[in-house]
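Same chain, two partners: subunit A is paired with subunit B first, then with subunit C.
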Partner chain A sequence: MNEHGTEHGGQVAQPGPEGFGREAVRLDQGHIVGTGGLPERFDNPGFPPHIPRAADLDERAAKRAEKQVATLFGLSMLGTLVFIVAYFAIPMENRVFIPGIGLANLSNVVLGVSLAFGLLGIGIGAVHWAKTLMPDEEMVEERHPLRSSDEARGGFVKTVLTGGTEAQLDRRPLIKYSLGGALGLFALPVVLQVAGSLGPLPKDELSKTMWKKGDRLVRDPELTPVKATDVTIGSVFHILPESIKDSEHVLEDKAKAAVLLMRLEPEAIKVAKERDWGHDGIVAYSKICTHVGCPVGLYEQQTHHLLCPCHQSTFDVTQDCKVIFGPAKRPLPQLKITVDAEGYLVADAPFREAVGPSFWERG
Partner chain B sequence: MSTTAHTASGADRLRANDPEPSTPVGGGMRKVGGVAGWVDDRTGAAKGVGYLMKKVFPDHWSFMLGEVAMYSMIICLLTGAFLTFWFVPSAGQVVYDGSYLPLKGVTMSEAYRSTLDISFDIRGGLIIRQIHHWAALLFIVAINVHMMRVFFTGAFRKPRELNWVLGAQLSMLALVEGFAGYSLPDDLLSGTGLRAAEGFMRSVPVVGSYLSYFVFNGPFPGESIIPRLYAVHVLLLPAILVGLFTVHIVLVALQKHTQYPGPGRTNDNVVGFPVMPVYAAKAGGFFFIVFGVVALMSALVTINPIWAYGPYDPSPVTAGSQPDWYMGFADGALRLLPGFLEFTAFGFTFSFNVMIGAILLIPVMYGLITLYPFLEEWVTGDKREHHLLDRPRNNPTRTGIGMAGIAAYCVLMFAAGNDIMAIKLHLSINDITMMLRALFFVLPPVVFWITKRICLSLQRRDRDLVLHGRETGRIIRTAEGRFYEQHEPLDPYTRWNMVQHEQHRPLELESGVDENGVAAPNARSQRLRAKVSQFYFKDRVEPVSPAELEAAHHDGHHVEAIEHQEPGGAPLVEVASSPSTDNADATESDRQGH
Partner chain C sequence: MNALAARRRHPAAIALLILVGLLVTGAAYAALAPKPAQASTVSADQVEQGKKLFQANCSTCHGLGAEGTKDGPSLAGVGAAAVDFQVGTGRMPMTRPDVQAPRKEEVLFDEKEIAAMAAYVASLAPGPAVPDAEYTDGEKGDPAKGGELFRVNCAMCHNASGAGGALTRGKYAPSLRNISGEHIYEAMVTGPQSMPVFNDSNVSPESKRDIIAFLHTVDKQEKVGGMTLGNLGPVSEGLFIWVFGLGIMIGFAVWLGQKSA
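== the complex of A and B ==
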């Protein structure tokens, strides 16, 4: 580092004999030609003088620190005791109003705060102890290059190579290649077992729901059928198929069959197919978002927009639930509905396409 | 290694049959020596443990970030073990009959019921659950901030690339571990998260629907996902996390901790405090502080009130469905990706609108993070070991890249709250989303540029400080009525912080042809390397050299004219020779006196 003459090495530059300032110069541009016998870089000045702490110099300060540490440890013990008492004494259902926080479970608050005191007392006490009374003069440990010596490295390579030679790997390629083959294959049974047994194949299940022709539309979660006359303009119903009552896998069937039922002014509907598949302005759409499958739960009555609360895909019910904003691509599938002899809404056909998020073979 | 003559070294003396050391020892020493001797007779551990106890670690607040991560992981392991005693990882349906009245009579999974029981019927169960969740959130915060510290100070440089790679994997696995954990209670919010996760899996080309059916053991939600996630959350991932973490920390001890540059600190030493007693107290105490703060938060601030969400049901949903914060960036990416990225071709569906954010984002992001040290090493061609950290300002391009990455991450994370922002700020959610889409591309370059300029300015300020000294605020008037401010030169210890670093110069492109005019085989990659090197190091500020400082002193710039110099530059000669300057020199020597 210090190649250029060491007589000046690392010293603070001293004013020349002629005093300061013979001419004004730009300081951000070196202007002196040559290095003038100065080193190219500064030298590390070494450690600054150690500044002793109050507790190092004054026994009273040390005593004060000792008391502070002991107080903190004492607070910790107190906190732990409060925890133990509170654990038995405070009933679990008691509630307490804490300003700034609101109504809270008393047991939880007292247990947590006393636990925190028990822990923080120890922690802050120990750190304070270390900072005030333990040695604070920095120590130096030398680093050594991490790499092994060349002999050790050579020895390692030699051991590996001799091992290979002694095992006759080079001379007996038959063993080498058959071992490679065996090692390459042996993991397959394990992988196959896991991959093969994790779950069934989907077949066409993702494309089907339990809706079938004639299935009544029932309210979710009451499971009562809906009359067309119950559905007033602007109202929205969460709907399930009536056959869900007999389902053995309620959640799985619900996850595909959930439907939203809305009634619009028939002239507000802009798509003929939507009007045909509905009944007098009543339309039913899959509630499962075509993006990643959250229920499209938010219906805006005035604009007839459906909004998915997960990723904000927005569907326009007047345009056959086309996506008008957000990350979804496909419209929500429509369920063709009609009314039965008793005036209840029923499905007129199963869903024409797969509901929910896209998948590769969906087409 | 080999059997050497038996010398009474420190470790040997601990053996029971060894002669007593000549110096008299207290009762405590004899007691410790006795127990340690018993263990050492059977393990020979005294030497190694003694070495570790004397090991020196450098002190800096930013080195505690990794400690916070380590301690919150330990808190998670402790409280998590407690929770397994009461949590029932089953999707079997039961009717609730516990003490939380609003849910009485509701059908729910055993997982959800047992989580309610932990919260309401098991004494102290709620505080343990809350500590577990808060510690998990803190764990991931701490990992990320620790990673930023390592990045911005260049601590990932040789020989620590390997530990950077391990750390990046730890960070990524922590996300998965967190997601698996908060999905377990089977409440409405976490179930909706799993619902979305099922949609993510389906977006994988070719095998998507199979993947979904394999993971969920059939159609969503099924009864298998909860027990499977449980196995992943309490067994598989913790084992991997603890294993990788152990290697991570062993490497830190083996390679010795990096240190910030400073007087007395070199690339060949570690300056700091020994484990025994200082770090035993400081780091041990810090564990209790982290635990205590988490306990305090858990007592006073509710996290994940699953009782308010209700049990999972695929049909209902609540507005404002957000994942835990660390999944926010991925969720935000999904909100920003436009729908037109999904298309049908050859009769198959390509859902890039989902796949980019949900499947590719995390591995690609962590892949880039993992590879960064190797990119920088290639650009600088620097194969030396680095144990002194960079001040972030001294590597403006790296700092800029890091800040740009953080900016992109933040845009995505804010996007996950686009609905909340729209409600709270009374803005259109569509406008917010469009804005964030634009910002994702615009903000990172802007942040890069600004950061780089700030870094360069800070370096110039360092130069200025070294050359001009500190402004004392003392105004001095000369005999002829001129004013100037007295500057005080930096002491060599303060100055060292600003002049110690070395600046990389951009690599020059060699001709790329050998003496026969044949293009070198790696000419193309070398050309690229020279270009990237230019990008990194074209703008640089060299640290002040002794000659420059000498020049500054020589020219009297320890004083600085307050008024502008007249055109032509009125010389400062008069100033230097005026009596007041002598005055200033006197105060200067006064200062150096103490």
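== the complex of A and C ==
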């Protein structure tokens, strides 16, 4: 006995006169009066009672639904016709002001709206038809196990084995192995074409940029060389290597070699290597983000933050472009620069590491 | 002549002589020395008036002698262009020290007062002068070349159409819509707030004019795409389609899944 005065295990709720569903058991009541324990097994509550639709009972409602569906299909036809007419009748230059949306191209608006009516009319009409007039019966589709019966499986194995024996496969192994070899080898041409269509191997293209010792730093897009004295404090220059002029694949080379040139107060630079690799506070860093390769161009001259616009990776130029925020994992590579005899900025060495995002061999 | 000769040993004579000498050398220097573009239009009165205005309105943050405090930078060497830009666009005086100095429609000073303050700040140390009208008139520039320069030098912060964009820690690059050529030029040459400096050897005055021409062309362009959603690109457009496009689809899915009776 428990506090509710029932036997342990309690009493299982019984289906009502019309089966489960009519008087569905609420979750907070439980199936067992008393302790709330679980019954041995749940009975299939079956379908909820069928509720007939208005159109099933009333011929006038059915008629009304029919008219609604026909109207929707009619709207669709109207939309399609308007589309066809508008396609030819409205010149592309016409403008229209739509309140709340603004100035828009009349042809675009009319074509879009009429096409929407044309498609939605069919779709909504069909669904409305299905919901009001098409048969509305609940039914159960039984699921059976997919496994064949043991007899059928045995029969299949027997058929295969008999076939093999009758073709003398086990008596004549020469045929068996030469056929296997021929079929196996024939797979290679298919694999070869797929692998070959992936193109040549990248070799060291991912690790190398155009920069080499003595290459002048030139402005993007004018390709004019930069004197060290041109770069005043707070300036930022967008730089390419001078050898880009001779490049056969300008975009590919530019995408790797783009460099950002900044001048800081030399005492603002906190890392000795950064100061050594620069010239009098002028430092050059790869513009390609080490996360997924967007151009990192948002330089804030007061905080010396370099922000990548794609995923907000932030690099601190005073700390050798260390990542201080965002998903990038490694600092931007620095380009070692110096000045040549004429006072122009030149690269003192190629990039020491691969620029841009990480890749497999880079580790 | 006798009167002058009689007084040549007067104690004041030597002081007078020194004064005359100084004035002559000063005038000769002023006449012969290389001068910044604005030097001829700046008078001592203007500098004095600018100093008064500066001390009344700007010195709280920038210090009485514009030497800077912990709330505001020193203005030595920022030049007249910086004053004309900062005050002329309503950025200065700032309401309070903050990460961003927003542009304000209401400019607190008239042109004469701004010019006076600019003259005062320019008198502290040499800096970029207010640009010549020749280089701020977009009509004379080449918008196509300007567009190329803009996409390389400016678009990463200010957006390819000049709509502006976010920077780090609450700062942002402002929209460049409907900004006068003079202010665009001054911003490039002085590097206000977070913006780096684009001096004349980086982007030549002609190229700056091309950029102004590009921006003014964008201003004038008729946009027939309906709602612009701020011209911010995939972020605002993505948000729009996620909210409204998916919202409509979910609505239809709910309707499809509903029991008909």
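Here are a few things to note about the model shown:
Convention: the second predicted complex is superposed on the first by the 218 of 363 C-alpha atoms of A that agree within 3 Å, B and C clash if a C-alpha of one lies under 4 Å from a C-alpha of the other, contacts with A are read in each partner's own complex, and residues count from 1 in each chain.
What we mean here is this: a contact is a pair of C-beta atoms (placed from the backbone, for glycine too) under 8 Å apart; a residue touches a chain by one contact, two chains touch by 3 or more.
Predicted model only: the values in this text are computed from it and were never measured.
Of the two partner chains placed around the shared chain by superposition, neither subunit B nor subunit C is touched by A:P333. Using the contact criterion defined above for the overlaid structures, shared-chain residue A:N44 touches subunit B, although it does not reach subunit C. Applying the stated contact rule after C-alpha superposition, one finds that A:P309 touches each of subunit B and subunit C.
Contacts of A:P295 after superposition: both subunit B and subunit C are touched. Number of subunit A residues touched is higher for B, counting subunit B against subunit C.
Looking at the shared chain after the overlay, A:G234 reaches subunit C, while subunit B stays out of its contact range.
Once chain A of one complex is fitted onto chain A of the other, the partner contacts of A:G125 are limited to subunit B, with no touch recorded for subunit C. Shared-chain residue A:E361: touches subunit B; no touch with subunit C.
With both structures placed on the common chain, the touch criterion links A:L201 to subunit B but leaves subunit C unconnected.
Contacts of A:M262 after superposition: subunit C is touched, whereas subunit B is not reached. Residues common to the contacts of subunit A with subunit B and with subunit C across the two structures: 98, 101, 104-105, 108-109, 127, 130-131, 136, 220-221, 238, 295, 297-298, 309, 312, 314, 325. Contact residues on subunit C toward subunit A in their complex (touch as defined above): 148-149, 152-153, 156-157, 165, 167-169, 171, 173, 191, 193-199, 201-202, 207, 222-228, 255-256, 260-261. Here subunit A touches subunit C in the complex through residues 51-54, 56, 95, 98, 101-105, 108-109, 127, 130-132, 136, 219-222, 226-227, 230-238, 262, 295, 297-303, 305, 307, 309, 312, 314, 325, going by the rule given at the top. By the touch criterion given at the top, residues 8, 10, 12-16, 19-25, 27-28, 30-32, 35-36, 38-42, 44-48, 87, 92-93, 98, 101, 104-105, 107-113, 115-127, 129-131, 134-136, 138-143, 145-146, 195, 198-202, 205-206, 220-221, 238, 240, 249, 251-252, 254-256, 258, 287, 291-295, 297-298, 309-314, 323, 325-330, 356-363 of subunit A touch subunit B in their complex.
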